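Each in C-alpha cells, the structures are laid out below.
Both of the next two complexes hold chain A, though its partner changes from chain B to chain C.
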Partner chain A sequence: MIELRDVAYAYPDTDRYVLDGIDLTVARGEVVGVVGASGVGKTTLAKIIAGFIPNVEGGTLDGSVTVDTVPISSLPLAEAVAQVGLVIQNPFNQISGAKFTVREEIAFGLENTGVPREEMITRVSDVAKLLRIEHLLDRSPYALSGGQMQLVAIASVIVMGTPVLVMDEPTSQLDPGGSRMVFDIISALTDAGTSVLIFEHKVELLREHADRIAVLADGRIVHQDTPRAVLTDDRLESWSVGSTRYTRAARAARDAGLTNPEAALPVSLSDSTDYFTTQRAGR
Partner chain B sequence: MEIRFDGVRYSYPSGVEAVRGISLTVPAGQRLAIVGQNGAGKTTLVRHLNGIFRPSHGSVYVGDWTTSGKQIADLSSRVGYVFQNPDEQLFARTVREDIAFGPKNLGCDEKEQERRVVESLELTGLSEHADVHPHHLSLSERKRVAIAAVLAMKTPIVVLDEPTTGQDELGVRMVAEITQSLARDGRTVIAITHDMDFCAENFERVVVMAQGEIQADGTPQEVFVQTQALEHAAVEPPQLIRLAKKLGWSTTPLRVDEFVSGLSTEGKATS
Partner chain C sequence: MTTTLYEDRESVIHRLNPVTKLVAMLSIIIIVFAVQIWWVALGIIVFVVVPAAVVSGTGGRLLSLSLKLLLPILIVLVLLQGLFFPEGTTVLAEFGPARVTVEGLMFALGIGSRIAALVLCSLVLLLTTNPALLMTSLTQKGMSPKMSYVISSTLQIIPAFHTRAQSILLAQQARGLRLKGNPLRRAGALLPLVSPLVLGMFTDVEERSTAMEARGFSSPATHTSFVIVDDPLGQKIARWLIVAIAVTSVVLSLLGVFK
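Take a look at the complex of A and B:
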C-alpha cells in the first residue's frame, strides 16, 4: 500500500513547490492511474514514492510518504528499491549501461540485492517469458528497438517482485498489442496483491484496467473518481488530458442534440457500442 | 521533392533482415504515415532517407540524388529527421542553440538563424524555454525541441519517428498542427506512428508494414478496412472506424464530425 499525506516538494536551490498538498492512497492490489499535462509533476511524484527524492536528488520534501506504513525516505536506497519498483519514463535511461546482454541487464537488480544464482536464473527466465522477450535475452541491451527496450526495462523492475510498482508511461514506445500485454500483466500482479500507481496517456487502457484515476494539475490532485467518470469529465481538456474518440464522438452527438443529454458518456469501444445502440433504440 | 525506394533490402550486421524488398514512391508534399508493430522495420526503412543506413540491395532516391552517393551531411539539407528518442538528438546548452545549429550549418547568416529559431519555437510552443538547457525540460518538451530543430532546417522532407509518444493532449494537437502546416508549405511529411487516431485525422496515405514488407498501402479509408492485412501487421483500425463497424455501418468515418454526420444518415438507413 502507498499512502501520501499532504506531500509538498521543492527541487534543490529553489523555494518553488512543484507539488503541494498531495493526498493519495493506493491500496493493496489496487491500480490507480494518474493523468495530467506534461510537466505537471508526474515524474517528480513517481520519484518521491520510489524514495529517489529526496534521497538521491535532494530538495525539500514535506508531508509523509509511506509504503506499507514505513516512511520510504527513512529507508536506505537499497531497502527502498526492494519495496518500490520504479519504471522510469524513458526506457533508454533505465538500461544500466553496465551489462552486455539483456539477460544480465534484467538480473542486475537481483544481483545487487544478493539473490542466489539459481533463483536469479529462474526469475529472469520467468519474467522474460511473461513479457515475451525470451528471444532477446542474449542480445545487447543497445541492439534493441525502442519498444523492445521498454519491455526489457519493465522486466528489470518486475523481476524484483516489489509489493509496490510505480510506472511512468510504461507503454509509450509500445504498439497496441504490447501495451495491452503490459496492462494484462499489471492486472495479474494486482490480483496477486501488488499495488500499482501508473502514469499513462493511453486513457482507453486506464478505463479497462484502473480502479481509480487521479488528475494532477497545478501541483495538486484536483480530481479523483472512477475511470469512466474522470475520462468523460468536461474539464478533461482543460487539464490537457486526451479523451478517446469514442468520448469525443458521443459528446459531439450529444451537443448536436442527437443523443440523450443525461446518458453517461462512453470511454471504450464496448461503452460506446452500448451508448449508441441504446441511444438509437431510444429515439 | 519526390522520394523513391526501389527494391530496398537491409540486413543488420547480426544477420537480421529488417527490410525485405520495399518499393515505394512518395510524391512531393504528401503526408504519409507508416504503421505496424514494434520490430516491423519502420524505423530501419526511414533511416535510409538520411543515410544512417545504406541499402544492402536496391536504391533509395531523394529527389535526383541516390543516397548511396551522398554523405549524411548532404542528405540532411533535404531530409530533416526527428528521432524517436530526443536524447539521441539534442546536445547544445540551450534550446535556442540546439535549434540554431542546423540553419548555421546550412550557411544561414545570424539574422536568418534567429528568424528560423523564433518561428520554430512558436510552432512547437516552446518560446518561453528558448534559453533553458534542454535537459531541464520534460521528455515531451525535449521531443518538441527535437522537432523544432528539424523544422528550422526548412528541409523539403521531414521524417517524424513516433512524434506523439509521451505528448499530452496539447502536445498531440501541436504535432497535428505542425504536420498540417508543413503540408501547406508543400513539404513532404513521413511519420511513423502507433497512434491510429492521429494517423487517420492527419495523413492522406497510410503504409502498413510487417516483417520488413509492405502489407497495405492507400488512403486511410482504403487501408483501415483491410482486416486481414491489418491483423497480420497487428494494427488496430482507428477508434471511430472500429465503432462504425460494430454499429454495422457501411462508411468509414475518420473524424468526429464525419462520425456525427454518419449518425444521422446511417441511423435513417437502418430504421
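Take a look at the complex of A and C:
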C-alpha cells in the first residue's frame, strides 16, 4: 500500500514547490490512475514514490511517503527499489544497453538482486508469456520497434515482482491492442495483490481498468474519485485533462441544448448508447 | 548497425570459453613481442591464427579486415625501414639517398610480423566471441559487474546513438537543412545536429541511470548470472599452460636469451 500525506517537493537550489499538499493512497491490489497536463509534475511524483527523490536527485521533500507503512525515503535505494518497481516514460532508456538479447535484458534486474538462475529462467519465461513477447526473446533489445521495446521495458520491471508498481505513461508507444494488453496485465497483477499507480493520458483505458483516478494540476491533487465521477466532471478541461470521446459527444449535445442538462454524462460506448437512447425517448 | 565484429557460427573455436580465447590472445601477443624472432610471429600466424580462422569459418572476413587494417601499416613499414634503416649495411638497391638494405627489410619483417600477429589474433577473438558471453565469463571470473556494464553498454549504445543522430539529421533535413556543397559548408550544416544530440544524450544518461537503479543496479546482493558459460577443466589447464609459456618467454627475453 502506498500512502502520501501532505507531500511537497522543491527541486535542488530552488524555493518553489512544484508539488504541494499531495494526499494520495493506493491500497493493496488497487489501480489508481493519475492524469494531468504535461509538465505538471507526474514524473517527479513517480520518482518520489519510487524512492529516487530526494535520495538520488536531492531537493526538499516534505510530508510523508510510505510503502506498507515504511517511509520510502528512509530506505537505502536498493531496498526502496525492491518495494517499488518503476517503469519510466521512455522505453529506450529503460533498456540497460548492456545485454545482447531480450531474454538477458529482462533478467538484468534479477541478476543484480541475486536471484538464483533457475528462478530467473522461470520468471523471464513467465513474464514473456504474460506480455506475449516470447518471439522477441532472442532478438537484440535495440533491434525492436518502439512498441516492442516498451513491452520489454515493462517486462523488465514486472519480472522484479515488487509489491508496488509505478508506471509513467507505460503505453505511450503502444498501439490500441498493445495498450489494452498492458492494462489487462495490470488488472491481473492487481488481482494478485500488486498496488499500481499509473500516470497515463489514455483516459478510456483508465476508465476501464482504474479503481480511482486522481487529477494532478497546479502541483496538487485537485480531484480524485471513481473514473466515472472524474471523467464526467465539467472542470476536467480547465485542468487540461481530456475526457472520453463519449463524454465529449454527450457534453457537446448537452451544451447545444439537445439533451437533459441534469442527466449523468456517459463514459463508455454502452453508456453512450443508453444515454442517447434515453435522451431521444425523453424528447 | 553494430559495433561488434562477432559472427554467430557453430564451430570449435566459437564454443571455446571466451576467457580461454582472451587469455590465448593476450599470451600470444606477449610471446611475439617478448621473443624477438620474426619467424615465431609468422609461425603463430600460419600454425595458430590461420587454422583457427578456417575452422571457425571466419577466414574470408578475417582476410578482408586484415587487408584493410594491416596492408597500409605493412607498406609504410617496409618503405620506411627497408629504405631508410640507419644501421643497414648490406645494400640490395639504391634510389638516390634511399637504400634498400637486408637489415632494414629484416627489421620491417620482424616488426611487421609482430603487428600482424597482434591484429590477426585480436580479430579472430572478436570474430568468434559473443561480446555478451565474454562479459558474462569475465564477471564469473570476478570482474566487477559495473565494469562489465560499462564495456557492454558502450558496445551497444554507440549504434543506438548513431540511429538517433540519423533521425535528428532527417528531421533537420525535412526543415530545410542542406548537406550539399564543399566540406566546410557541410561541416557547418551539421552544427544544428550537435545540440539536440548532445543535450538528448545528457537527458538519456540521467533517465537511464534512474532506470538502472530501479532494477537493482546498486544492490548489495551478490550478483547472479542468467547465462552460464561452460569452463571445462581442459580449458582451465590450457589457459595456465599458455600463461606459463608467455611468462617464460618474458623471463627469457629479460635474460637476453633471444638477442
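Here is the rule we go by: the second predicted complex is superposed on the first by the 283 of 283 C-alpha atoms of A that agree within 3 Å, B and C clash if a C-alpha of one lies under 4 Å from a C-alpha of the other, contacts with A are read in each partner's own complex, and residues count from 1 in each chain.
Assume contacts are C-beta pairs under 8 Å (C-beta built on N, C-alpha and C of every residue); 3 or more make two chains touch, one makes a residue touch a chain.
Not measured: the values here are computed from a predicted model.
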When chain B and chain C are modelled together on chain A, clash or fit: clash
Chain B versus chain C as contact partner of A:Gly257, first or second or both or neither: neither
Contacts of A:Phe92 with chain B and chain C, given as first, second, both or neither: both
Partner chain in contact with A:Pro12 - chain B first, chain C second, else both or neither: neither
Which superposed partner A:Val157 touches (first chain B, second chain C, both, neither): second
Partner chain(s) touched by A:Arg103 [first = chain B, second = chain C, both, neither]: second
Partner chain in contact with A:Tyr246 - chain B first, chain C second, else both or neither: first
Chain B versus chain C as contact partner of A:Thr113, first or second or both or neither: second
When the two complexes are fitted on chain A, the stretch of chain C hitting chain B, from 26-34, 80-88, 98-106 or 188-196: 188-196
Chain B and chain C contact sites that coincide on chain A, given as residue numbers: 89-90, 92-93
Complex contact set, residues of chain A against chain C: 47, 50, 52, 56, 77-78, 81-82, 85-86, 88-90, 92-101, 103-104, 107-117, 120-121, 124, 140, 142, 156-157, 160
Chain A contact footprint on chain C (complex, rising order): 130-132, 135, 145, 148-149, 152-153, 156-157, 159-160, 163, 204, 207-208, 210-228
List of chain B residues in touch with chain A within their complex: 12, 14, 36-39, 43, 84-85, 87-88, 137-141, 162, 165-172, 194, 197, 234-236, 238-240, 242-243, 246-247, 256-257, 259-260, 263-264, 267, 270-271
Sites on chain A touched by chain B in the complex: 36-39, 43, 89-90, 92-93, 143, 145-148, 169, 172-178, 201, 204, 236-237, 240-242, 244-246, 248-249, 252-253, 256, 258, 269, 272-273, 276-277, 280, 283
